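Should a chain be cited, it is by its letter among A, B, C and D, assigned in written order, with residues numbered from 1 in that chain.
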Amino acid sequence: MSSTAIAPILRIENIHKSFGKTRVLTGFSLTVQPQEVVVLVGPSGSGKSTLLRCINLLSPPDSGRIWLEEQEITAPGVNPDKVRQRIGMVFQDFNLFNHLTALGNVMIGLMKVRKMPKKEAHDLAMFELERVGLVDRAYHYPAQLSGGQKQRVAIARALGMDPHIMLFDEPTSALDPELTGEVLEVMQQLAREGMTMIVVSHEMGFARQVASRVVFMEGGVVVEEGPPAQMFEQPLHERTRAFLRKISDMDSGGR
Amino acid sequence: MKKQIRMWMLLIAALLALSACTAVQPTGQQPGAASAEGSGKLAQIKAAGKIVVGTSADYPPYESIDADGNFVGFDMDLIRAIGERLGVEVEIVDMPFDSLIAAVQEGKIDAVIAAMQATAERDEKVDFTIPYRMTKDAFAAAQDSTLVMEKPEDAAGHSIGVQTGTVQERWVQDNLVATGLTPADLVFSYERADQAALDVANGRIELLLMDAEPAMELAKQTGLKILLITESTAEGGKSIAIPEGADDLKAELDRIIQEMLDDGTIQKIQEAHGLP
Amino acid sequence: MEFFQNLVTTFNFILQGVWVTIGVTAVALAVGLVFGVTMAMARVYGNPFLQTVAAIYSVIVRAVPVVVIIFILFFVIARFVNLSPFWAGSLALGFASGAYQSEIFRGAFRAVPPGQMIAARAIGMSKLQAIQSIILPQAARLALPAWGNEATLVLKDSTLVFVVGVPEILRRAQQVSARTLEPFLAFSVAMLLYLVLTLLTTQILQWFERRYRLQM
Amino acid sequence: MESFLQLLHNAVPSLLQGTGVTLQIAAISLLLGMALGLPVGVGRVYGPRWLQHLLAAYITLFQGTPLLIQLFLVYYGLPDLGLTLDRMPAAFLTLGLNSGAYQAEYLRGALQSVGEGQMTAARAIGMGKWLAVRTIILPQALRLVLPAWSNEAIAMLKYTAVVFLIAVPDLMGQAKILSSRYFAPIPIYMIVAVFYIVLVGATYLILRQLERRFHIPGLTGEAH
């Protein structure tokens, strides 16, 4: 993969997804290059979360094709479990395994999915917890952690699987405002380390600083995309402008 | 935790005390008081116009239930005939055999007719009329059983079923278990005689000990064979049980039974039910 | 053909026990309701003495098998009044159910927000009035799902009164099987009849629940 | 009082024997019920549609009918079909099948209350469905089900009291024999009631300890 920098890590082509009669994705396409940080914005119901779930096949698209590192993962016969190991995912409401400690949350995938011996899994899990700055919370259960800490454990859990790309589904929107910083910091650090990331978020500050590209989607398709500077200063579409103005206002108003 | 344990202990102590109190009551009853209360028994029954009689309707040809749910059998016809002579209606109540004595004691029923034998032990709790029929017991086994019995003690060491609260249960406990001939865990006390018979037929137990005639009847129905008919396990004859101290009732019933024995009424009813 | 005839005979014979089963269940539930609500009220709103009495009743009765309670009460009741096995058995079953129902209603009383009681007292109601007209109607609705569950349990436990000779479904099944010597047929029919009864009860209770659901 | 002590003296040895039988039946049936309830509960939630229906039918049958009829059908009825079980196996089987239905339902409730997010997260790190059920969902559900399971254990202890009707000499069976032997039903059944209270009380305290030992902060089922 690293031999040609031009080869995209992810290519999404014209995917459709409906739930019953509700059409959520209506011909969505996107290409992501290695080490890119793509921030996905759009009004609620525009299909952002569904898109992430399509990418790691948690809910496979009805039609259209997706390539991950030049392998078509929507092709029949592909084992979705194997695909997901290469895609890390972080959820809005953390979804930490409630019966396991922070350490256990990171270890379980290593042992059960990557089949690591316990000792090795332990060491790697500790390393990942250190990456998110939570070694001192290793033996705490989820209920004993703050929201921000939970989300950092969730990130460590995803990182433990050694993903080639990370998906973040509104990682800070369930957090109290004062706790978002620690999570965004970890994400920023990941970006610096060269992790490819697709982030659904309305944290405009983060988008401005970290994103290589901002994608505005609405009605299940990409309306407009571009580098943050361009998207925030002079978006082409009126709808993009209106939306970004609204959330910028909310952003500043909230602080 | 400690508090909980203490509470449990308290509860248990209270309950034990309570059961101790109730235990004293029935046995501690003044004989005088009991007979005073019982002296009106016959009058009570006459006044009510009916006598309530308990039975355990699982014992053909003595007592069973027919297709329409009526009580039929020798005992049933007999008690109805007695009721006629008493000049009262007869109401029959079906209950487990082992509850019958207690039910009389507690005054739930006025009398018991259930192929019951007047044993000394039962006589301490209730009174009995003169016997209306002498009986024998029978040992039954499955058709393919190779067991041969010449005397009751030959049952030693074989699994055996009896009905709870019967004299046969008592005999087995006293003569086979207490003497070490049969281990206690080979003796099974059944709620109903017919269930014990079914278990012999199904091969779950080897032997069944019960009254001879019902045993023969059940043996016919469930395909058992009778190994031994004996008098030595049975004591006395079949009597009607009535509350302790109900002397007037006893006198009247004794008189009627003697009359029926003399005039051949009982013989006739016996024959109607195939009893020799 | 013979099997069919047997089936009809057996079915008809056992069917007569259905009404007895329903009767026992209804009486036991009603008795249990009276005991349960009274004891729950004593437990939640009573003075320490009443609270203790109600707690002991609930704990002891629920720690003892229902069949043991039936045996004890069958003989205890007989000591005081002359009741038929049907009434004695039903009362005993009701006494047992009362303990379980008292737990259900205790939970329901507790689930009614305390503000309700305060508000009722504030408009000048006495404690008993408040319980009667404000707390009880709300608690009853809250208790309905658990109570429905208890109702089906009592329906099933009503087989236990067969030990004191009540001619309900199981007793009749046993009687007919003693005659026809086809226990499998007899008990299967009994089982089927029971299945119909419980499913029917569940349906009725669900309808009630939907009708009287309280938005809280 | 003296006669009561005499009665107690006569009754206690056989009642202790009966207690042993009662405990044995309760324990084995409970374990059997668990061995059955676990796969049935999981299959009821995660199995294919046809299996879910089949398991639902099993549960309805055993929850919708009295234990006593089930016991009679197994013990007295099955020999008609050529299957003659001895009394103890019949007791284990019936109580086990019955408890299995209840345990499956409790587990189903617990599994469903674990929450979608746990499954999604497990799938997201590449776990297969069954691996996720085994390592993520089930360990949580089993802890959630522990209180219900404790209740079931106590209920089982009490429900064993019907096996005397197939001539098993359990606590209740011994009581029946004793009460007709000494013609003292009320005191005998009261003593037996005390026995059951002690058994149930001890079981309750032990299970409470167990629940405490397996407690995990925040895992109460209400979190969702």
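One rule holds in what follows: contacts are C-beta pairs under 8 Å (C-beta built on N, C-alpha and C of every residue); 3 or more make two chains touch, one makes a residue touch a chain.
Fair warning: this is a prediction, and the values are worked out from it, not measured in the lab.
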Centre-most chain, if every chain is reduced to its averaged C-alpha atoms: D
Most remote chain, CA-based centroid, reference being chain A: B
Chain pair showing more contacts of the two, A-D and C-D: C-D
Chain A and chain C, separation of their C-alpha mean positions in angstrom: 55
Intercentroid distance (Cα basis), chain D paired with chain A, Å: 46
Centre-to-centre distance between chain D and chain C (centres being mean Cα positions), rounded to whole Å: 21
Where chain B and chain C are represented by their mean Cα positions, the distance between them in whole Å: 32
Per-residue multi-chain contacts in chain A, two or more chains: none
For chain D, residues contacting two or more additional chains: 76, 79, 165, 179, 185-186, 190, 193, 197, 201
Sequence positions of chain C contacting 2 or more other chains: 60, 75-76, 163, 174, 183
Graph class of chain-chain contacts, one of line, ring, star, complete, other: other
Chain pairs in mutual contact under the definition given at the outset: A-D, B-C, B-D, C-D
Parts of chain C lying in touch with chain D, wherever the complex brings them together: 60, 63-69, 71-72, 75-76, 152, 156-160, 162-163, 169-170, 173-174, 177, 182-188, 190-191, 194-195, 198-199
In the complex, chain A residues that touch chain D: 56, 58, 81-82, 84-85, 87-89, 91, 93, 95-99, 108-109, 112-113, 141-144, 154, 157-158, 160-161
Residues of chain D defined as touching chain B within the complex: 1, 3-4, 7, 76, 79, 84, 86-87, 164-167, 169, 173, 176-177, 179-181, 183-187, 190-191, 193-194, 197-198, 201, 205, 208
Residues of chain D touching chain A in the complex: 117-118, 120-128, 131, 135-136, 139-140, 143, 216-219, 223
Of all residues in chain B, those that touch chain C in their complex: 11, 14-15, 22, 57-58, 64-67, 69, 93-96, 99, 102-103, 106-108, 191-192, 194, 198, 221-222
